[in-house]
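The chains carry the letters A, B, C and D, assigned in the order they are written, with residues numbered from 1 in each.
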Amino acid sequence: MTVTNGYEQSDREQAIKIINLDELEDQARQIIPQGGFGYISEGSEDEWTKARNRAAFNTVQIAPRVLHSVEAPSTSTSVFGVSIKTPVIMAPTAAQGLAHTRGEAATAEGVAAAGTIMSQSTYGTTSIAETAEASKGAPWFFQLYMSNDWEFNEALLDEAKSHGAAAVVLTVDSMQGGYREPDIRNEFQFPLPMANLAAFSETSGKGKGIFEIYAAAKQKITGADVRRVAEYVGLPVIVKGIQDPCDAALALGSGASGIWVSNHGGRQLNGGPGSFDVLPSIARAVNGRVPVIFDSGVRRGSQVFKALASGADLVAIGRPAIYALALGGAQGVRTVFEYLTHEFRIVMQLAGTQTVDDVKRAKLLHY
Amino acid sequence: MTVTNGYEQSDREQAIKIINLDELEDQARQIIPQGGFGYISEGSEDEWTKARNRAAFNTVQIAPRVLHSVEAPSTSTSVFGVSIKTPVIMAPTAAQGLAHTRGEAATAEGVAAAGTIMSQSTYGTTSIAETAEASKGAPWFFQLYMSNDWEFNEALLDEAKSHGAAAVVLTVDSMQGGYREPDIRNEFQFPLPMANLAAFSETSGKGKGIFEIYAAAKQKITGADVRRVAEYVGLPVIVKGIQDPCDAALALGSGASGIWVSNHGGRQLNGGPGSFDVLPSIARAVNGRVPVIFDSGVRRGSQVFKALASGADLVAIGRPAIYALALGGAQGVRTVFEYLTHEFRIVMQLAGTQTVDDVKRAKLLHY
Amino acid sequence: MTVTNGYEQSDREQAIKIINLDELEDQARQIIPQGGFGYISEGSEDEWTKARNRAAFNTVQIAPRVLHSVEAPSTSTSVFGVSIKTPVIMAPTAAQGLAHTRGEAATAEGVAAAGTIMSQSTYGTTSIAETAEASKGAPWFFQLYMSNDWEFNEALLDEAKSHGAAAVVLTVDSMQGGYREPDIRNEFQFPLPMANLAAFSETSGKGKGIFEIYAAAKQKITGADVRRVAEYVGLPVIVKGIQDPCDAALALGSGASGIWVSNHGGRQLNGGPGSFDVLPSIARAVNGRVPVIFDSGVRRGSQVFKALASGADLVAIGRPAIYALALGGAQGVRTVFEYLTHEFRIVMQLAGTQTVDDVKRAKLLHY
Amino acid sequence: MTVTNGYEQSDREQAIKIINLDELEDQARQIIPQGGFGYISEGSEDEWTKARNRAAFNTVQIAPRVLHSVEAPSTSTSVFGVSIKTPVIMAPTAAQGLAHTRGEAATAEGVAAAGTIMSQSTYGTTSIAETAEASKGAPWFFQLYMSNDWEFNEALLDEAKSHGAAAVVLTVDSMQGGYREPDIRNEFQFPLPMANLAAFSETSGKGKGIFEIYAAAKQKITGADVRRVAEYVGLPVIVKGIQDPCDAALALGSGASGIWVSNHGGRQLNGGPGSFDVLPSIARAVNGRVPVIFDSGVRRGSQVFKALASGADLVAIGRPAIYALALGGAQGVRTVFEYLTHEFRIVMQLAGTQTVDDVKRAKLLHY
């Protein structure tokens, strides 16, 4: 246990046994302080949309195919020319120091060990440099929350590019925080510095405090912002937080190289659809032109399968990995990805699909 | 605590902290006497319709739009030429003395402070004059339960007009009380005088007792009654309690200047639809000719959004404000309106809507 | 308390207070012996259909109409030329001695006092003569379970006709008892004689024991049986237990003068539809040629309304009246009918319907 | 109680009383060791599909027909020229020694006594010879899990044929075990030898250990395997585990003589449809060319009826028989089949169906 600003961070580094990802939540609740756990686990308002994220998967069923000559299915796939062992990647989640003293660095290490992709958040508790270092050459994405201060955006994009980010994930669904009650109940304040903000504050010489920068987060985001980021950074830009086909089209028209379907795990707009509800219509709008990444509510191999069969190319998870981070550090994170991939591989076999491409063509039913 | 006829009225006047409007109910239950609380909170019969009021909102979802260039959305709107800070107004609810010793006067004061519209009930425990006074120039509506004694109606309408009511709300769904079990179980009798009835009894010289007037409430209400009230009072008349497009059309043909879609919070006809279920068809019948006001079951910013996006121009709340009245007097009431407007503003931002008019044009989904 | 063959029968005769009909079940459970209560309350198999009977009502909603000029609605109606105060009548239920020492006689007395129609079961614990006597001139129906012994049928029909039955209810859905677990768990045996069977045994001189007669109940029932009964008795024959439009048509073609839509309160075939589910299609098949009576699951005024608006002319209740019989004798039974009619009258007013015929024309919605 | 390798096997042989099949589960839980009970009762992943198996039956309703001249319905039917007393047969389930020391032999004896068909699993704890012997001339099927070692398959098929199997059931939905949490939680290992595997190991002279053979189970199964088995064994081959019409067509085209619709009781692919959901489309694909057998979730007579009315010719049960095996040995098993047939016969009568063929033509409703 490490205590920072009075906040007790886990410093575990150990193997964890996973029966299912859902159970990690209660286990993590035991060791993450209440304020941090509330922040990580919460949804917005009455959490209808957060719950719908899960329930939406049950609106479709996988047709089990049994005479399809499948053996030892392969979960390998690739994105932006990078090969990975599994279509399950890490979603960008902020402030991972709330779960573990090594924060994003440990996550990156575990993700790399599992052979898949890390996403580093603007609001990480470790810096881009540290996370990149921990990835040890494995592919990773940098996630950007745009600031009204373009210099800040440039600084982060420069940093990410110089450390070898494979793509930039531009989050566009968080022009304002959702109304999340646990944070209010807990009177939760971030106890830990955000490394990238602190770094900019120091190096820019502009004398800005972290709070000032945080408050400068951009509300007003348009296609022009997508284009500006893409043109500046010269890396693929994935627009994250898309829930409507028209926004997907707008993002593509503005130079997006990827569409990330997400409702932020039900943390932003409540009263909207489950993320899985909107995936098919967005995938049709994208029509294969760029990769589609999906998140929000994935906990089971069968859900990974359903998302891919509904048009996703990759599936991201967030909270389960953070819970495992608290429980076992990098080893915990690695186990989460390997475990979920294991469940997914069983589903592949039982559904009669040999490859990830087979999964994408699989038939789904509605009962 | 003030004791009137053996009934213990709250006399709190204090700031309240709201996490969500639902929690107010249990908090208020602690301080409002059982009979009064039963009367305020109850629905009719087995309360299917009261419960459906809430559930109906979940039959539609807000499409989250994210590249819409929205910043600091405005909740301002107007009705009958009156500008207000929020589309959330106060529904007329009877006998507010059950919740607070200052009754409607405190409510009016809180509503005015929040920059929106009060509705004063015929069966208020404070008089039209007192409520109007407490509004301090802010706009307010007078709600009329018609009596078979036209003189009584005239007296109330005269009083309301002379004190500056902006409109008259003519309630037409209460030709008889719904079958409400808590009142029967509690053997509940109104412990407090109804100021407007008492005043008429005294000033008319007709020697009628309050019970006599109350019993004279009109069951048989038609379009002709709407017309008669409208012609007499010379103010906009909003017909409240409409749940069917044909009744809306009939009201409009009879001179209504507004349609108030409501099932009385599930207190009247049970076994009918949720109020939100019928809003779209009524809004289509009204077709923008007059303002549509909506109530019954609204507790969340996302629900305000959904109601406006389904054809309402204003949304009214009742019970949550009464609970807050008990908990904090005028300050409590004010906080309820500001809180709900705060939730609504967050939803506006996250749904990509800058103005109330944008909300009205927003797309809803059905999953 | 009266003890007969070791079975403790209620002999209460007192006013009862009803908040709602559902609560009567638990109250009655306190005073009816376990075996008898099990028999009265049970459904068959896993009771899906019994539960569906209730849930089916929530699949339609009453459209509340508010400008319809309604005042003091009338619940009066008539059937076979007999005027009654309410469309709610008594369903035939067997062995009412299980609930009260006076059995069907007390029920008949209470039903008559409420101004509506009693139905006397073949398997009553009081005789046709006693029940007819207790009806004191009020209309009543005789319900026939056919025997393979036609002489037995003739004897019962003769008896019913001679005592003034207004119609014969021929039950056709009980060719065999449903699979009802409480009876098996309780090893329940009827502790009381069945008066009509005992009487036939004595008077026919055929020397048959009750068990022999009971075992002779007819499984194989066809249209020819309907015709034979109708031709023999010369009274209107209502065929009870219809759940399919084709069976309704067949009954009509065989001389039925009424169709009784019922699934026996979920006591017979489980896994079938709720009785209310099938009412509209059967009413369309009948098309107004004969009266349609509906039962199974009715507990609320709004449900009476929905049944009438879906094609029923009369609505019958069973279990709630039997519970009230145990709790208050004839007075209890009377109160049940008056109470339910009271709830129904409120719904009539709030739905904008002045007469039972208005109710039949009312619009229902599906949300 | 018999203890084998530390595992406590029931050795009961006694009459059991059945109120309903569901209750057997809790009763059996008391006497089967935790590991064995987990293995028998579990489904895969979050058990959505296992639960859906039950719920799917409630999506259709039996139309109760009442004037159909039915008396003492007959449950007799036949398959492959073999007459049986009931359309309910025994599904192949592995390792029945977990429930009872006599294992499959006791099951076969009970099934034969009930006049229906036993299915012997490849992975039985008693040998083909023993089970065949216990069947005493009654018809039985042999179920084959294919091995990559064709010699092993031949040995089993030879053995089954020589002992008089009426058909071979080729299971094709278990190319890999489903992800079942109780086994992992209990760290369950089969404590008992599998007789057929052990026998092959000894007699083949190939020196293979049981684990080696078990590990050689074939993942890659195609139509060619169906054809090879059918041509080799010269008995009807029923392909078990079909959940999709195209797989049914493929099996038929590959020489299948029967289609067994099953999702393995929800033990294999989770996130797929309920087995009953897919039955109608598969029956249409088969179109009467070969018998259709159905399992997964059947516990009630009404469910047997619904399955037959949806296109099944026979219905199989697994877990309830295994629970009864633990509770009462051969007598318990016999009672399960007789009990369920009893429930089914009541439903036949109440639905107006005289024969199993009538049931197949019965109308189902969807509410």
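Annotations
Just so it is clear, contacts are C-beta pairs under 8 Å (C-beta built on N, C-alpha and C of every residue); 3 or more make two chains touch, one makes a residue touch a chain.
All values derive from a computational prediction rather than experimental measurement.
Common neighbours of chain A and chain D (chains touching each): not present. Minimum number of contact steps separating chain A from chain C: 2. For the copy pair chain B and chain C, the superposing rotation over Cα atoms measures out at 90 degrees to the nearest 5. Looking at which positions face the partner, chain C and chain D present mostly different ones, since fewer than half of the interface numbers are shared.
In terms of the distance between Cα centroids, chain C is separated most widely from A.
Chain A and chain B have Cα centroids lying 43 Å from one another.
Distance from the chain B centre to the chain D centre is 61 Å, each centre being the mean of its Cα atoms.
Shared interface positions of chain D, i.e. residues touching 2 or more other chains, are not present.
Taken as a graph of touching chains, this assembly is arranged as a ring, one closed cycle with exactly two partners per chain. Working note: touching chain pairs come out as A-B, A-D, B-C, C-D.
By the touch criterion given at the top, residues 19-20, 22, 57-58, 61-72, 300-303, 305-306, 342-343, 346-347, 349-351, 363, 365, 367 of chain B touch chain A in their complex. Per the touch definition, chain C reaches chain D in the complex via residues 45-46, 48-49, 52, 56, 59, 172-173, 175-179, 181, 184-185, 219-223, 226, 239, 241-244, 246-247, 250-251, 254, 263, 268-274, 277-278.
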